[in-house]
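A, B, C and D are the chain letters, set down in written order, and residue numbers restart from 1 in every chain.
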Amino acid sequence: MARFILLSGRSLVQGVAKEAGKFSDKYLKEVTTCQIDPDDIKDFNIEPGTNVRLTAEDGSSVVLKSTQSSLAPHRGSVFIPYGPYAGILISSKTGGTGMPSFKGITIELEPTTDEVLPIKNLLEVNYSRGISK
Amino acid sequence: MTVISAVLCPGCGCLCDDTEVTVEGDQIVKVQSECAVSTSKFLNYNKHRSTTPLQRVNGELVQSPLNDSVDKIAKMLIKADYPLIYGWSLTSCEAQKKGIELAEEVGAVIDNSTTVCHGPSILGFHDVGEPTCTLGEVRGRADLIVYWGCNPSSAHTRHIKRYTSKSTGKFRESSERKVIVIDVRKTPTAKGADIFVQVEPNKDFELITAIKMALQNEEIEEKSVAGVSIEQIEEIAEMLRSCEFGVLFFGVGLTMSEGKSRNIDCAIGLAQELNQWTKFAIIPMRGHFNVTGANKVFTWQTGYPFAIDMSRGYPKYDPGQTTTIDVLSRKYNDATLVIASDPVAHFPKNAVQHLTSKPLAVIDPHLSLTAYMADVVIPSAFVGIETSGTAYRMDGIGLIMRKVIDPPNGILPDTEILEMIIKRVRELKGE
Amino acid sequence: MALKKFKLIANSNAPIDGDIFSPNNLAGKNIPEILNLETWLGKKRVKVSEIFEVTDESNESEELTLVFDGNITQVTRVGKNMSEGKIIVKGSVGAFLGIEMSGGSIDVDGDADTFVGMSMKGGTIQIKGNAGDAIGSGYWGSRTGMLGGLIIVQGNAGDEIGRWMKAGTIRICGNTGILAGSRLQGGSILIQGNSEGKLGASMVGGKVVLLGKTSSTFPSFYISEIKSKAKVDGEKISGPFYSFLGDIVENGAGKLFISVENNPDLKYREDFIP
Amino acid sequence: MTEFIIRNGFVVDPINNINCERVDIAIKDGKIVESVNESNAKTIDATDKLVMPGGVDLHSHIAGAKVNAGRLLRPEDHYKDYEVKKGLRRSGTGHSIPSVFTTGYRYAIMGYTTVFEPASPPIKTIHTHDELNDIPILDSACFPLLGNNWFIMEYLKEDKLDECAAYVSWLMRTLKGYAIKVVDPGAVEAWKWGGTSHGYDDPVPRFDITPREIVRGLIKVNKMLGLPHPVHVHANQLGKPGNYKTTLETLDSVRDLAGDNGPIMHLTHVQFNAYAGVDYPSISSGAAEIADYVNKNRHVSIDIGQVMFGDTTTMTADGPFEYQLFQLLRGKWINNDVEAETGSGIVPITYNRSNYVHAVMWAIGLDLALMIDDPWRVFITTDHPNGGPFTEYPRLFSWLMSKKARDKLQKRMPRLSRIRTNLRNIDREYTFYDLAITTRAATAKILGLKDKGHLGAGADADIAIYNINPKEINTSLEYKTIRKAFSTTHITMKEGTIVAKEGEIVGTPIGRTYWVDSHVPDDLHNSVIPEIKRKFEDYYTIKIDNYHVPESYLERSAPIQPSEVSAK
C-alpha cells in the first residue's frame, strides 16, 4: 500500500469520448484508467494494465486499471480523468469556497485482483438508488 | 444539402465561431473544424438521448407525457422546503434567465457549474479585481503566454492556434511569442512550450509568491520553492517583467488544488503588479461553452454570479453555504432540478449520495448519468445545434449561437420547457 | 432575568435563519411572544412554535440567556448582531454563528459550521468541539474580517481562519487547516495544535502564533530572531519561537511565531537570522 | 389602452413654455393628446402636485460588460441592499451598481423614464443589449465606443473621411447603436502597451494619429451622417490636476466645425476634467474657465458628473485613468482591454467629505452647474456610478435649488476646498423650471428625442408627478422637502402606463431600445464593405457575421432615421 496525491482532470480522450456517450466503452476505458509515474510503477511493483484499488481518507474506494503515465515524471502523484470513478474518491470538503478537492488529495493505492466495475454497478454500489434501463 | 458557415461550437469556452457544418435532410453529415471535441460533438450529439420525457415508476424510467412531467417537476419544486436548481453551463443565456425566474418563483437555491470549476476564481476576484483583456488583444499583441494549471492542448484544443502562440495578430507574429507552461505534469501543452516549469502538487501559491519575490528583488531563503529552483524562478520573473505584453491563462489546476480561491487572489495580484513594468493580463480558461454566460446572466439579474439562495424571495449569496456542494453535503436541500449538467458524473461521492436520495429531475439533451438516476427526465434541444441562443466566450464576448438543424419531433428548447414549468408553478400557486 | 430554553422540533433539514435568536432581540419577550416570532425554514416563513419548543427557566444571571438543547446544525446566524447576554448551544450549531456580534457571549458544546464570528466586532465565542472554515473572516469582497472580540475553539478548525481579520483574537486549541491568517491585517491568532500549511499567506499585519508544527513556511517571510515568548492578548506564551516577518511580497509587517521545538525542519532558517 | 386625464397639477414643461401652471394633461394610447373623451378617461388627481415630463438621463452606466463586471467585483456593495420579489416586481440588489430589474424600478420611482447607456464596447454590444433588454420600464440606447477604434484611426490617418463615415454608419446599424462615443481618444490604445499619460496632441503609438485628429474626424463624420446626438466625448487627461486646459483645448479644437444647429460636441462628466493646480495637494477648480468658454460658445453642451459623498464604484472605458486610481488607492482593480476597439477599468472608491481632493471635486461639479448660464446646455448627472449612484439625484437637486443646503454641507469640508473653488460665492439657485430643463427637456433635445422631455400633444406619455407644491414651497429653505419629493414620485407614468405609485412598482412595460438606422449611399457602402471584411478577419477573433446584432434581438426595437445623409 502506498500513499499518493490524486489529481483528477480533463483529458482529450475523455472530452471526445463523453460526447460519444457516458455508457460508451471508450468513455469507460478512459475514466477508469489510473496513470502512474513509471518510476513509481517500478518501485511499487505494479504491473501496468493490472488493477489497482484507490482508497480515500474516508474509506471510499474504487478499482481502476493502472497504466504507465505518458506525462511523466510526476512521482508521488497519480492522475485519473474526470468521471464518476474519480468522484468516489474526491472529498466534498470545500474549505468554505464551494469547491471540492478534485486535485491534490491524498489516497492509498494497492494492487488488487478485483474487477473494475462497470458504471452501472459503480453507481448501484455507491448510491442509494440504482440506475434504470 | 446545406452548408452553414460561421457556426459557433458548443464544445468549450473558446466558443470558436468558424465551424462549417453540412446538413443533409435531418442529419449533420460533415463538420469542418480543426478540433476533435467539436467534430465529435456535432456528429454525436444526437446519440444517447430519449425523444420523450421519462419518469421513474417502480424503479424504472418509463416514457411519460410532457405535460405530466412538467407538472411533476413544478410540484416537486413547490413542495420542497429548500429546492436546489443546478447546472446551466451548457445552455443559452435565455434559458439561464428563465432559470432565475423559476428559482425566484419556487424559492430555490440556484447555482451553476462555476461552483465546481472557477468558483474560487470568482471569490479571489471579489477581493482583488482582475487585469484582463479579450482573446483578440492576446492575438494582436502578446509576446509572452503563460499557461498555469491548464492544458489547452487537451481541453481547449484550438486555443493555442487561434489566440496565442501559434496565431498571428496585427502587431505580433507567432514566431515572436514565448510560452511558459506551469503544471504538475508534463502535459501535451507543456511539451509544446518554450519553458516548462513543473510545480509540486498543491504548491502553486508558494511558487507565485516566490516569483513575486524575484520581481521585487527580494532574497529567497530557500534552495528551491515548490520543487522549482531559485534560478528558474528568477528566470521566469525576468521573462514576465521584460515582455512587452504578457498574459497568464489559468485553469482548474489552480482553482481546485490546495489554496483554491487564495491561489487566484495571489495570481491576479501577480498580474496586477506586473503592470508596473509592462502590460500584463490574466484570463481564466473557462471550460463549458456557456459557463461564462451563466455568471454574466446571474450577475446582471441578481448581483451575484453563482450560488444564489432565492429562498426568501431575494438573492442571497453565501459561497461556502449556498454553493451546491455545501448544500448537498449538509443535506439541506430536499429536491433538485438539474439542467444542462451531469453532476453524478463529476461530483464527490457524498454529494451524489444526497442528490440521489431526494426527488431529482433532469432537463438535458443527453441521457446523462444524472438522468439515469432521476425521477423525471425531460429531454431538450441541443443549444447551438438544434436551437439558437446567446452564449459568452471565456473572455466575456457575447455571441449568438446558430441553429443548424431541427430537433427531433417533440423535443423543445430549455427555454420553452422552463417556461412551461414556470407557468405550471404559477397555476399551482394560484397566481 | 430569565433563561429561555429552545428545543429543535423541525421536521425538515432545510436551513433555519437563526438571526432572531439573540438576547437583544428576545429581551423582554415572554414565551408566547417568542413562539409567535417568525423566521425562515428554507423558503417557508414559519413561526418559532413550528420549529422549536421554548421553555422558561429562571436563573440568577442578570443577563438573558438562551439555551439550545441539542444539535441545531441547520440553524445559521445564531446570535447575529448581539451585543449582550449569553447563548449556550448544547450540541452543534450551523454557519455564521455570532455574525456581526459586538458583545455578550456564545458557548457551543459541540461543533460549529463555517464562518464563525464573521465580521464580529466584540464579545466572546467559545466552541468546545471543532469549527469550520473561515472563522473570523468578513463578507466576500469586503477586504475586512473580524474587527474585535474573542473566538476560542477547543477542537480543530478549518481553512482560512482569520481571513482579512483586522482586530480581536482567535485561539485554536487543536489543529487548523491551510491558510490560517491569510490576508491578516491585525489582531492575533493562536494555534496550539498543528497547521496544515500556507500559514499567514499575504498577511500585512497582526500576529499568528503556532505551537504545533507546520508542514512548510512561505519563502516570503523573513526570519528575524528566536524569541523565548510570544504575547497573545497580554498573555505570555512560552516558546521558543522562530519569529518571522511578512508577507514580504505584500509589503507586510505581520508577525509569525512558529514553535522551534515542534518544527526541526525549519532549523536551516536559523542561518538567515540577521 | 386606458385613457387618462391628469387634473389640477402644477405643470412644468419648458419645451412648451409652461412654468408651474395648472394644466390638465390628456393621455391616450401611450401618447399625450389634446383631449380625451372625459367619460372614458380615468382621472389622476394631481392637485397641488408638481407635474413634469419623465426624466431623461443621457449618461448613466446601467448596462453592459463593465457595469456587470462592477457588480461581480463587489458583492459587499450590495448584499445589504436588496429587493424582495413582490407582485410584478422582480427581486434584485442595489447600492452603487444595481441589478437590471432594480435599476429600472429605482429610476422609475424617481420619475425617470429614459436613460441612455453611454459606453458600449462595440464587440460587447450584444451584452449591452442583453442588459438593456432586461431593464424594465426605461427607454434606452447605447453609444458605441469609437475613440480608440483601429478602423477609425486608420481611416482618419489616411484622411478617408467618407470611408470612415461609411464604416461608422455600418457600425451603428450593425450594433444597433445610437451615438458616437469617444473616451480618452487615442490614449486607451496607448495604454494597451502600458502607456498612462496622453496629451491632446500626442501621437498614438503605431497609429501616428493624435486625439485631436480623432475627435475632429469623428465630429465631421457625425455631421455627415446626421446622427441625432452630437459626438459624446470623455476628454483626455481625466482625473489629472491641471486637466481643465486639455478640456478647453478639446472644446476649442472643433469650434471651426460648428454650424447653426447647436452643439456638435457633448463633453461628459466635466467635473472630472475641470481641475486646476499641478498635483492633488494643489488641486482647485477650473470650472470658471470652462463655464466661461461654454457661456461664450454655443457648439458645446456638457454634463457635470457630480461627486456624491459615500461609497461607490468608478467604471470607465478609460483604462489608463483607472490604473492610476488603483496606484493611488491600492484596493481592487479591474482592467479589461477589448480587441481593436477600446478598454475599461473599474476601481471602488469612497468619497469622503473631509478629504480635501474629494471636497474640491464636489464643489467643481456644482460650480459647473451653476456658472453655466444656459440650462439647455448643462445637464445634471453623477456619471452613475462614477460620482455616485443615480439614486443620489434628489440630494443633488436640493443643492442646486438651495444655497443654504450646499453652504451648510460645505462648512463641514476642509477650508481650503472652499477657498479653491467658486461655489461659496455663487448665489444662483435652480428653479423647478431650470431643473425640468436640465433633467428632461434639454437632455431629450440634445439626444434628438422629439417625443421626450415635454408634455405637448404627440409626446410620449412619460410623466412624473411629485408630491410637492411648487407654488408654496420655499426651495431655498426647504431643501429636505425637495430631496424627499424627488426621491419618490406620487405617480410615474411610462407611455400611458402607471409604473410606479408612491414607491411601489405597479407596471413593468418593456422599454424601447433606440438605435440609428444610418445609411450612406449604396456605392460608398459597397466600396468599403470588402475592406471592412478583410480587416475584420485580421483584427478580430470572431467572424464578422457574428458581430451583428439583429434587430430581432432587441426586446423592443425603436429605429431612428438620421436627419440627413450628406456624405458626398
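As a convention for this text, contacts are C-beta pairs under 8 Å (C-beta built on N, C-alpha and C of every residue); 3 or more make two chains touch, one makes a residue touch a chain.
Only a predicted model underlies this, so the values are computations on that prediction, with no experimental measurement involved.
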item: Chain ID, smallest distance between chain and overall C-alpha centroids; value: B
item: Mean-CA-position distance for subunit D and subunit A (Å); value: 56
item: Geometric centre distance via CA averages, subunit D-subunit C, whole Å; value: 46
item: Length of the line joining the C-alpha centres of subunit B and subunit D, rounded to whole Å; value: 35
item: Junction residues of subunit B, two or more chains touched; value: 123, 126-127, 258, 310, 312, 317, 319-320
item: Residues of subunit A touching at least two other chains; value: 94-97
item: Sequence positions of subunit C contacting 2 or more other chains; value: 114-115, 133-134, 140-141, 143, 160, 178
item: All chain pairs that touch each other; value: A-B, A-C, B-C, B-D, C-D
item: Touching residues (chain side subunit B, partner subunit C) in the complex; value: 80-83, 106-108, 123, 126-127, 205-206, 209-210, 212-213, 216, 218, 220-222, 225, 258-259, 262, 265-266, 269, 310-312, 317-321, 330-334
item: Subunit D-touching residues of subunit C, taken from the complex the two chains share; value: 139-143
item: Touching residues on subunit B, where the partner in the complex is subunit D; value: 5-6, 8, 17-18, 93, 97, 101, 104, 122, 125-137, 139-141, 162-163, 169-171, 244-245, 272, 275, 278-279, 281, 295-297, 299-305, 310, 312-317, 390, 392, 396-400
item: Subunit B partner contacts - residues on subunit D that touch it in the complex; value: 63, 65, 67-69, 71-76, 78-79, 82-86, 90-93, 97-101, 123-124, 126-127, 130-131, 134, 150, 192-194, 206, 323, 326, 332-340, 346-347, 538-543, 545-546, 550, 553
item: Subunit B partner contacts - residues on subunit A that touch it in the complex; value: 5, 7, 9-12, 15-16, 18-23, 60, 69, 71-74, 76-77, 79, 82-84, 86-92, 94-104, 119, 123, 126-133
